[in-house]
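Down below are the structures I want you to see.
What follows is a pair of complexes built around chain A, which joins chain B in one and chain C in the other.
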Partner chain A sequence: MQVYSIPKSIKKDSKFTFCKGCDHGVAIKLIAEIIDELNLKDDTIAVSSSGCSVLLYNFLDVDCLEAPHGRACAVATGIKRAHKARKDDKFVFTYQGDGDFASIGLGESMHSALRGENITAICINNTNYGMTGGQMGPTSTMGQYTTTSPLGRNKEYHGFPIKTAEQIALCDGTQFSARVALYDIKNILRAKKIIKKAFECQKNNKGFSFVEILSSCPTNWKLSPQDSHTKIKDELTKIYPLDIFKDTTND
Partner chain B sequence: MSEKNLLKGNIAIAKAALNCGCSCYFGYPITPQTDIGEYLSLEMQKRNLAYVCAESEIGAINMALGAASSGEKVMTSSSSCAVALMQETLSYASSDELPVVLVNVMRAGPGQGYIFPSQGDYNQATIGGGNGDYKIIVLSPSSVQECIDLTYKSFYLAQKYRNPTILLVDGLLGQMAEPAIINENPYPDVDNSSWRLDGAKNRASRNIHSLEPNQTKLNQHVVKLYQKYQEIEKNEQVWEEYLCDDAEIILTAFGTMARSVKAVCNHFRQLGIKMGVFRPISLYPFPYNRLRELSIKAKCFIDIEMNMGQMLKDVRLGVLSNAHISFIGKPVGDWLKKEEIINAINNIIKEQYASI
Partner chain C sequence: MSYIKIDKDKCKSCYLCMDVCPYKLIKKSNNIGTTGEYTVEFSDSEKKCIGCAQCAIVCPEIAIIEVNRE
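Presenting the complex of A and B:
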């Protein structure tokens, strides 16, 4: 009896190149499973971004365009609208980090939500700029030590982090906004359910859907994979609560 | 619509874009090009095409990048300081080989400058402000009719070479009305089924990206781009010449400037001076080949621009003989008048011919 197989939408023979204990691999696998379950593989165009999330196209077996840093939601808007103009609707989602989505790209991200673009944005929040070696990002928490906040994030000196899923939920064009985590099986299953709901939101032409995924970054946090997940469970979820902040998909 | 109508340059561009099948427009307001977006907003909505009032020029050019990956004909338009904001994505579009058409209706001056007439974006368009080794096709109209013809050509060349293309328009021309015909688009559609992203149905998935962590592959990619640029340089040099065959003095000018320069040429011809006008229409690829031929006979080149001498360096690169090269120009404001140019040329001739 086969109990597990690699999703069809994961490229054959691909090996994740992410750091040990990084949650990107789990997130991409969940997305691949959902694409399979919703039968979207032939109709999907993914938009990857800059940072660790750019590597999406190495693993996911769907058409993919890389966006300049921060511009994934604008690029996805163009893709979605162009296919609509040729009367051949496609499923379009972005895969971005928190620096990409909520710092350099906040304008493009939020305006896509405000316009109610019928796309889905996935944001991996690991509270730092991972690929460049762990600098302070828009989501670095108060007191967090990073290579550019060596004395810890300080409200007087550095200012405050952004609660992305809550902010995006405030946009009228947003139909679904939620935060999930991947630190244990229960949360991985919950994450899958919620990402699926976000994808279905687009499939049903409802409008902008968004999922923020709290993810580990053991290399830059200088913690073991296990301690990284404990940190997410015990610390990060207190600051970034796991919740659905807006859901009008049943309205 | 094959009759002559009084048309503004900007509106002519918008109409020509629609006429040749542009299905996606993304833009942000900036004078003096705003009426392109205003015109298209209604026309595209009526036809259920893609039109987005973008949050910024950065948003607009990135929407264009995404839309171009579908294979649709895609356009954005902007001006000078806002085109500066788009340079990053032009570099991406070049590397990704995505056919984005960008119309730049020029303002004047560095920084915000102002909406006075100027041709100050020759360098921005032909050299570019993006990173890395890349080239963008640049076409420059000098009449409203040519705004139409070169809009068609911009879409065609962008698709044919899978390369971003800039239509570089003087603000003067964008805002000027003259009789023109919206003729049929003479160019064929280019098959893009081998590369466009439209879902991996019955084929392997495709990805379009500029990131390349393997240095051999990145080298190969840039070399391949340059092979394409060589093709473009071989095939697409376009210019207009006026009375150049026997000319000893050749005036060079691009865009609207060439119109008054022709009148200047007529003035000197009546005085018996063998003068001609050479007008590059493709600014990249610059028509070096013909300029080289002309420089064998001509003794003197006078480059005339509404800027401080940006095309001048290309004229210098093109002229292979010992012919003398001078420059007449001003950066901003009222177009150089015929009389001003004539006086300046008289001074140059006096100096030059006195020394010969």
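Presenting the complex of A and C:
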């Protein structure tokens, strides 16, 4: 019996172009599996963003639009509302980096949550601007060395990092907000369950759903894939706890 | 007999699958892949594979393209 095969929602013959051991690949694989399981392939419009997430349309076999940096939730809002007005409802989700969602796009992201926009946002938190070479991002941790914080992030000069999933949970329009990680089998399976729940939130017309994924960036962290996972397990989950911060999908 | 299939052209030699297999059935091969390192191969002469799919679940490249369980 075949117990694992390539998800149907992954484009035929496509190869991920992420760096070796990068969790972006695991995240996209989970999303594809969930699209298959919820039978959403023909009704989905994905919105990708600037950053390593940008090439989503090369990997997922669904309609996809690339939003300018930070604007994915605003673009998704337009797509969702326009299709709804035509009585042709679509499943609309964004796939964004932490810099995209929580820095340049924080206004768009948070106001989509406050409006209770019936879309799902996925944010890959790798604690830096990965694609552009590892600059300090809104989620870079205190003391973290990046190309723009060569002496480490410090509170006097840079201020504090944002706990995105907790902040989004505070928005009254948010129905579901959670943080997951992908550093081992148990967490990958948990992440899948939680992303599925966020997708179901939209499917059931409940309102804004959000999942922050703690994700490795071996290249800019200058660590092996294995050590990157250890860093997430031992360091990042202490700063960014794995939890469901809001879930009113059963109310 | 359980077994897996690996697409060596997709493998980026991260070796996360090797770490996770409970019976250490995934090994470096002689093939050099896109990252300039050895890609992996499935080697199970004693038929130990249980088809648990842990290797496929952790692979970030979907390079483990099939897991068959018996």
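In the analysis below, the second predicted complex is superposed on the first by the 251 of 251 C-alpha atoms of A that agree within 3 Å, B and C clash if a C-alpha of one lies under 4 Å from a C-alpha of the other, contacts with A are read in each partner's own complex, and residues count from 1 in each chain.
As a working rule, a residue touches a chain if its C-beta (ideal position, glycine included) is under 8 Å from a C-beta of that chain, and two chains touch if they have at least 3 such contacts.
Predicted model, so just to flag it, every value in this text is computed and none were measured.
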Just chain B (first), just chain C (second), both, or neither: which does A:E166 touch?
neither
Of the two partners chain B and chain C, more of chain A gets touched by chain B
Would you sort A:M1 into first (chain B), second (chain C), both or neither based on which partner it touches?
second
Can A:E200 be said to touch chain B (first), chain C (second), both, or neither?
neither
Looking at A:D63, would you say it contacts chain B, chain C, both, or neither? Reply first, second, both or neither.
first
Under the stated touch criterion, which partner chain does A:I79 make contact with: chain B (first), chain C (second), both, or neither?
first
Overlap the chain B and chain C contact sets on chain A and report the shared residues.
none
Residue ranges of chain A in contact with chain B within the complex
11, 41-45, 47-48, 54, 57, 60-68, 71, 74-86, 88, 90, 107-108, 111, 115
Which stretch or stretches of chain B touch chain A in the complex?
23-24, 26, 48-50, 52, 54-56, 58-60, 62-70, 72, 74, 88-89, 92, 96, 197-202, 205-211
Touching residues of chain C toward chain A in the complex: what are they?
4, 9-10, 12-16, 19-20, 35, 51, 53-54, 56-62, 64-70
Complex interface listing, chain A residues touching chain C:
1-7, 10, 15-16, 18, 20-26, 29, 184-185, 188-189, 225-226, 229
